[in-house]
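Look for subunit A in each of the two complexes below; its partner is subunit B in the first and subunit C in the second.
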Partner chain A sequence: MEMKEITQERIEALRAGHKVLAEFHYEPRPVERGYAGKTLYVNVSTNTIGAKPVDERMKRTFIGGRGFDLWLLWNAVKSDTRWDSPENEIVIASGPLGGIVQYPGTGKSIAVTISPLTGIPVDSNVGGYFGPLLKFSGFDALEVQGIADREVIVFIDGNAGLVQIMEAPEESVNSHILAEEIVALFGQTPQEKQGVSSVSSGVGAEHTLIGCLNFSFYDPRRKLTRLKQAGRGGIGTVLRKKKIKALVVKYVGVKGDSNHPTDLETIQQVGAKMHREIYERDPIMFTMRLDGTNHLTKIMNDYDILPVHNFRYGSHPEAEKIYSPHFQKYFVYDAPDGCWYGCTLACAKFAAGLELRTGPYKGQTVTVDGPEYETVAGIGANCGIWDAHAVLEANFYCDAYGIDTISFGTAMAFAMECYEEGILTPEITGGLKLNFGNADAMLEALHQMSRGEGFGVIIGQGVRRMKQIFVERYGADPQFLQDIGMEAKGLEYSEYVTKESLAQQGGYGLANKGPQHDEAWLIFMDAVNNQIPTFEDKAEALHYFPMWRTWFGLNGLCKLPWNDVEPADNRTRYKGIEAAKVPEHVENYVRLFRAMTGRDDVQSGADLIRMSEAVYNFQRIFNLKMGSGTREHDAIPYRSVGPVTDAEYESRAERYDQQLRELVGVDPSGMTTAEKRQALRRYREAQYEKLIDAVYKRRGWNERGIPTLEKVRELGIDFPEVVALIEAHTQKGT
Partner chain B sequence: MIRVNNKWEIEWQPGMTIRDLLVACKFTHHYVAVSVNGRLVPAEEYDTWLVADRDEVQVIHIIAGG
Partner chain C sequence: MRKVLITHNELCVGCHLCEEVCSQAWFKEINPAKSAIRITELGNADWGMAVCNQCGECIAVCPTEALYRDKAGVVRIKKDLCVGCLSCVGFCPTRTMYYYAGYVEPFKCISCGLCAKECPAEALAAETLPD
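Here is the complex of A and B:
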């Protein structure tokens, strides 16, 4: 990611510091029907390493990926395990379809841990080569437990059948340099370098709770490593707590049939059809190959959904300054950019020639992957920073320091609103003038996170802890902070304004890990297309789509090739929300799964949904185990439901007045803005509660949001500990 | 009056095309599926298809999002 060469002298110095603390030899065996059949266990406290078998029940119940992660983590932690307890683990897995090279979007890894932000499991889906290379090395998942007493690297050599924990005192911590060092250390030829992937974080993760993981892959054309982020939930913070500099896998020799599928020919056929569709349809649909996800910024601004000034508003006249064209000048288009072999949707954008204006690398010209829509919306629009260079520079530093751009953007926007409201003063912030739009202050706070000093460290604790600190230390009004603090379950919101979409309010509030959009993205279907008008319609969508999207994480897949391109006849063949499911692509996945695993009992999309349902419900019960997972934890801040302040109400007064008349049955004339806000609030908050009731019912949960015993038996997740938990909570009735 | 997505009412104008209606609704997204009284309108006809007063129009935005 950084252009500077690593000298031979530096490599020798790094090597000289390595001391093997533990070693494990195994016999590498080929993957069969998408499964390696074993998982790898590493404990950096005790320096022990071992392999665990994957049995048939584990495959049938948890499928792989996020399912395997959660099962292994469940068995490793107790209900009082905290994120920084030694028994907390980081678990990383691909999935049975992971590593296919004939179909787009198959290189994802899914990382899970007990989150420092939420205290419950967080899952994060990420590109880079780590997951597939881990599987081809012989392991369906890697679980890392313990806290090392010195800086270490965990190294897996999948060709040699060797796993080592090694002391690594000399390597850099910041990912953009460390990932280059790792490739230089473990790969000699370009082919070998492509076979090396690392997972690392950065110094920012050490001083905040919003640390991300960077997953690397080597780009042979540009001769450098690139980074993809498992951003959400502070997994990078856990990695650095464990004193792990990097998890490294090396496997050379990925082939078209490395998964040894049951039926390679079908996989090739389905893949060829999909590639053709992408080439024909992407240029007229969403231009993912040209713009990546940032094409969304303009659309969200046009439809009043782009978060502006801490989610107060949904659009801004200056938003044009951060639309795709302003980033395209940095993008390098010399080759299709996929984050795993064979991804023709190729949305990974590579920005080069970025000259840094601030921070420890000031003056250097660097490269960075991205920016994604979420980064542009969070750091740009939500903080009122209409400056593409500043957004890209913050993107680079977030990645380098190991900080999640989404939590960073949302937390910064919250701090900025508190500053503008007078809750924070320059005395409190150490002189940082945190007005919306102040790019210099935003970048300085980010650098403070890396140095572990100043007010930036407070922002890096996330919105939930900031609320507490501002109330306790600075006398802020707790209700106001609760209303404007965009977090739920302790996780910062990702970047969509949900005020006009009740279904998306539920999509965020009911998400297992906290408000991330990867479970459900229903804003247009709900608020614009009006395709799910009733509570039952919304509940059905909030059942189907989260389950369907979960399935990608079970299989090591990327969701983008599912619905970021559609067959030409999708909208004529299918109506309503059936079309939104993209049935032809669902059928592709049914065929891929069967062809890979040989499971002939899998016949339809409903069979895939059932797989997800088991894991999804298990994760909900995992939340219960950790002291969450009930109705009160599905509460959301009022800023995501409706206008908190008079200014917000007045900015869309015509819309809100009309809703008071038509939906609430109140005549707004003669009412003050505050009275109108209150009337609207009562109505909208009641709507949210009714939505929750409908969704719980559809999902087979009781009114407190706990899956029923009947449901867990039906799904085959009625393990004794699960049953005992449900019984204890149901009897308590609290 | 034209009812759009069973949600908004747009003033009908003589000679109003689908394209005019999309502009009136501020629907800028380039990829939509439009039906008038349940009949799908081919995208090539948005500039020529005339909407009648009291038509029921559905504009489905095809967008994947996050």
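Here is the complex of A and C:
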């Protein structure tokens, strides 16, 4: 956030530019048992607005959140729809448990679109107030279709029952200013301001494919607007393609019973118990309230999992320089930091007093939310930048420009390795010296993305397109780039080294949207604790945990309060994988779901898993509809599997030599490093294929990774188009 | 300056009259689950007396600024601002921020002293302490 106040004169100038292009009136009705019962459709090409009913089958099959998003998007797009086609949509939803204020982590929105990076649906979850306020305004989801012919804002007034598409020529595009302008435009009192939330992006999203969405919430104590990011998959790029400056919702009057649950008492009991658990346990467990997710950086470095120099290595002697204490000095702890009411885990961190050293806002002292672990690991460790200030500055500018810090970090690290390998030269990069550790070059490339010029724009196309460009224009070795380019399905990897965890290689490679860790994180269970030794064990984990984590996205929930704090007796009552499931918290969610919806048929965690399984398989089939979704698209770069180069091998030679002897059955003595590397590679790549076979079998898919007809019937997703797709692919294939 | 309900556990006889006075005053019914002071039997004729000491730690965890300290130093809840998230209930060091299941907003002792006036054992006193 910029600390400057928006003047009254500025607000009037913004208002003067507004011209209503379309208007829709509706009667606001209370949410019942967690559902508004309608979704909102907005088309910015045709300037049409309407409401659609949510029927019982939609609720039963897709639950809400990501499920509703995918169903609405499925019905909106064709198999040849591209990210920039007018029919592509951005769909945003909360979920039936969204907006509970008594339980932590209940304010998430889930955004879905056809991704510019992958060409398939991407789902990205985000804090901030938008999703719950949208629901309390009367809509379980918002679909935005079309491409406007001028800059617009979509405004939803949930108290008045009014939706408008308005021309908005004067507002800023960069989110850190725009979000403040929106709050000033639509909120007067502190309570009104807290009732306003916007979704926006920035100029960087216009010139790259890695644009993020910023979801805002107003912080009444600090009297400013804060931003949370739906980072993955380039949804911000789609928003700016549609010429939408902001989606805005205003709803004043959130209360602990706004969802009108079946059983408020149970929600209060479970919630109060959980607040107490966080009060007692967080300070001695993961210190989320103090450090946010960046407490992970030290842990990852200690376990050789922190990506260093484009995932070559898992640790670095200088990593200490970007551990939590170096960020704590920027953090201010004078207000609760939850990104929705009642989130006492409060991982959002408020960094203040950051004086910018570069870029268009150079010299300004700004504030920024974060940094998250992924940002520190991606822009810091992965690019070899051991400088907390540079990481925070990049974090600020990424948010302001609407750039995903994860794709930015991974794409930058790839470009840096290419530069160090001589594939890129200063002539090609326009003078940018992209050596690992060059913070100034990293920041300049980011500013180039905002200006739409220079080599930064190439980096902003993402790793998959960079590989093509470097091969076609600069004669790079395609196999080498395939090996070191950390993307799968077109999406950049998030920030964990998976070389020693076969299960997590699958966790990334099999993730529906591409390699993001929100679907599965199995590294400790697999590589550190050796709790899932066989292929069947790993396949079971790659069934349970992705389904379990999917459930949060169906309900408008954050995953963190599930296992980033645990009951005191969790590790004594339960062992191994059962402890990793945190059964008491699973039971909390069963109770919450039943208390909200009144669905007495939901009795156990297995009932929740089944909800996810339907949506998860549906998303897999959605990938198939878009021309992906089969085995070859689950391939992963070798950098995520094992050492690509001699230097990587030699850095952990003892470990790899031992594996050659004990696992591969090869005596490494007398072999060259390259020979040893090749022997290890053959073994590890074969292991990955065996894992895929086991996971497909466990999930009820055929050997090409397509859900069987039997499976889709069992899950109740046997819609005619789904059946036709599977039949066509099954005949064509095996 | 802080107006606080002082408890003398050693004098408490466990009659629970304070709970009745409190719930009657603020909820118009006699119901210990609606009292801002709670008396629990500890055994050996000892009684625990749980009531807010006005430390104010809850103020910092409230996301809506519904909790504040008034001129008398008493921590109070603005019900119109409170969304009922119960963060304050979980984060109260003395577990004396209460809620009644089904009512959205929590409640707490505001040192009104009504219970102290009625206490037959003189185990309670509303006093103003220096900061």
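Methods note: the second predicted complex is superposed on the first by the 733 of 734 C-alpha atoms of A that agree within 3 Å, B and C clash if a C-alpha of one lies under 4 Å from a C-alpha of the other, contacts with A are read in each partner's own complex, and residues count from 1 in each chain.
Here is the rule we use: a residue touches a chain if its C-beta (ideal position, glycine included) is under 8 Å from a C-beta of that chain, and two chains touch if they have at least 3 such contacts.
All of these numbers come straight from a predicted model, not from anything done at the bench.
Participant: Should A:T208 be classified as contacting the first partner (subunit B), the second (subunit C), both, or neither?
Facilitator: Neither partner.
Participant: Which partner chains sit in contact with A:L296 here, subunit B, subunit C, both or neither? Use first/second/both/neither.
Facilitator: first
Participant: Taking the superposition on A as described, I'd like to know which of subunit B and subunit C A:P533 touches: first, second, both or neither.
Facilitator: First partner only.
Participant: Using the touch definition from the top, say if A:N563 reaches subunit B (first), subunit C (second), both or neither.
Facilitator: Only subunit B is touched by A:N563; subunit C is not.
Participant: Answer with first, second, both or neither: which of subunit B and subunit C does A:S115 touch in the superposed model?
Facilitator: A:S115 contacts neither subunit B nor subunit C.
Participant: So, A:M274: does it touch subunit B (first), subunit C (second), both, or neither?
Facilitator: In the superposition, A:M274 contacts subunit C only.
Participant: So subunit A touches subunit B in one structure and subunit C in the other; where do those two contact lists coincide?
Facilitator: none
Participant: State the interface residues of subunit A toward subunit C in the complex, per the touch definition above.
Facilitator: Contact set of subunit A toward subunit C: 101-102, 190-191, 194, 220-221, 254-257, 264-265, 268-269, 271-279, 334-336, 338, 341-342, 344.
Participant: Which residues, counting only subunit B, touch subunit A once they are in their complex?
Facilitator: Counting only subunit B, the residues touching subunit A are 5-7, 26, 28-29, 31, 33, 40, 58-66.
Participant: How about subunit C: which of its residues touch subunit A in the complex?
Facilitator: Against subunit A, subunit C makes touches at 60-65, 81, 83-87, 89-91, 99, 101-102, 104-105.
Participant: How about subunit A: which of its residues touch subunit B in the complex?
Facilitator: 284-286, 293, 296, 299, 302-303, 373-374, 494, 496, 517-518, 521, 523-524, 528-531, 533, 560, 563-564, 566, 571-572, 579
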